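Written below as structure tokens is the structure these notes are about.
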Amino acid sequence: MREITKVEIITRPEKLEELKEAMNAIGVTGMTVTQVYGCGLSKGHKEVYRGKEVTVNLLPKVKIEIVVCEVPVEKVLDAAKKACRTGNIGDGKIFVYSIANAVRIRTGEEGDIAIMDPKDTTK
Amino acid sequence: MREITKVEIITRPEKLEELKEAMNAIGVTGMTVTQVYGCGLSKGHKEVYRGKEVTVNLLPKVKIEIVVCEVPVEKVLDAAKKACRTGNIGDGKIFVYSIANAVRIRTGEEGDIAIMDPKDTTK
Amino acid sequence: MREITKVEIITRPEKLEELKEAMNAIGVTGMTVTQVYGCGLSKGHKEVYRGKEVTVNLLPKVKIEIVVCEVPVEKVLDAAKKACRTGNIGDGKIFVYSIANAVRIRTGEEGDIAIMDPKDTTK
């Protein structure tokens, strides 16, 4: 079984659509999106929210989880950085995790094949 | 310390109750549920949502996280597949992660014992 | 690259503020908060919710994710236990995961430096 990896992107909600298109373009087969609140806690620098400078507290963010195997992690990171970057504080973070196993519930398939597109696995 | 594992199930919201009962039946001691949005991004196949075929976009899904140690991971996967499977696209995915440590906040206990039922650990 | 670790705390929503202050005090540079529902499934013991004893079902909880590198994991666990503990069932759990990589989207920095405070990395 090839390595399965989760890329977790925490970024501005307004970047979701652009990120989705960027992932689609590189062949990502799925993603899971959660509304979260993010908190900077950083020593003195401020994030601008709705035109006002705020001492970074709990601001609405979006968490996007993308599990990949065929698509290289580096490609996902590059596309996500390009889609989410504004250059300002609050652009967000990406965390990468290794995954022990994956299952496609519809078919019961396990491992790398579980996250591949069925069109590609039946070739 | 025995191995601690997280099983993360992303499936249809209407399957939550059935899944909860299935987990209870095999001795799972807890679970955490998050409302999420899922996105298929698959090449051309469509998921049916509320009787309409939609090009898979952001559909409401539910994420269930279950951390186990005593209960074998295979048993959790089998029960989850049985509970969540309809045979149609959109049934969802299961991802398995290995966990480095666990803590029961009430008592401070760490490791496998932190996720065991107190009734079993005080025997 | 030094080890990067995620500490995931699932606890009572009313403990969020205290936890945030405790994390700030030990130098944690960020956190991500998700509203979740928690489920005990435990054999017979009950959790008190809004003054009523309930057979533990889906109760509102809060999940706090904290990724650290410089701040020792043990320090995070100790501060979280102190902040979230009431001594009653339902205080919650902490799960610890190892992380393969981290990226600061604003700058593209990867690894431990991605979660350090910029004030410290530019010294």
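So that you can tell them apart, the chains are marked A, B and C in the order they are listed, and the count of residues begins at 1 in each.
Keep this in mind: a residue touches a chain if its C-beta (ideal position, glycine included) is under 8 Å from a C-beta of that chain, and two chains touch if they have at least 3 such contacts.
Everything quoted here is computed from the prediction, not taken from an experiment.
> Have a look at which chains touch which and call the overall pattern line, ring, star, complete or other.
complete
> Given that subunit A is a copy of subunit B, what angle of rotation, in degrees and a multiple of 5, matches their CA positions?
Rotation angle between the two copies comes out at 120 degrees.
> Compute the distance, rounded to whole Å, between the mean C-alpha positions of subunit B and subunit C.
20
> Could you list which residues of subunit A touch at least two other chains?
Those would be 34, 97.
> Going by the contact rule set out above, which residues of subunit B touch subunit C in the complex?
4, 6, 20, 23-24, 28-34, 67, 97, 99-106, 108, 114-115, 117-119
> Quick check on the complex: what are the subunit B residues that touch subunit A?
5, 9-11, 34-45, 58, 61, 63, 77, 80-81, 84-98
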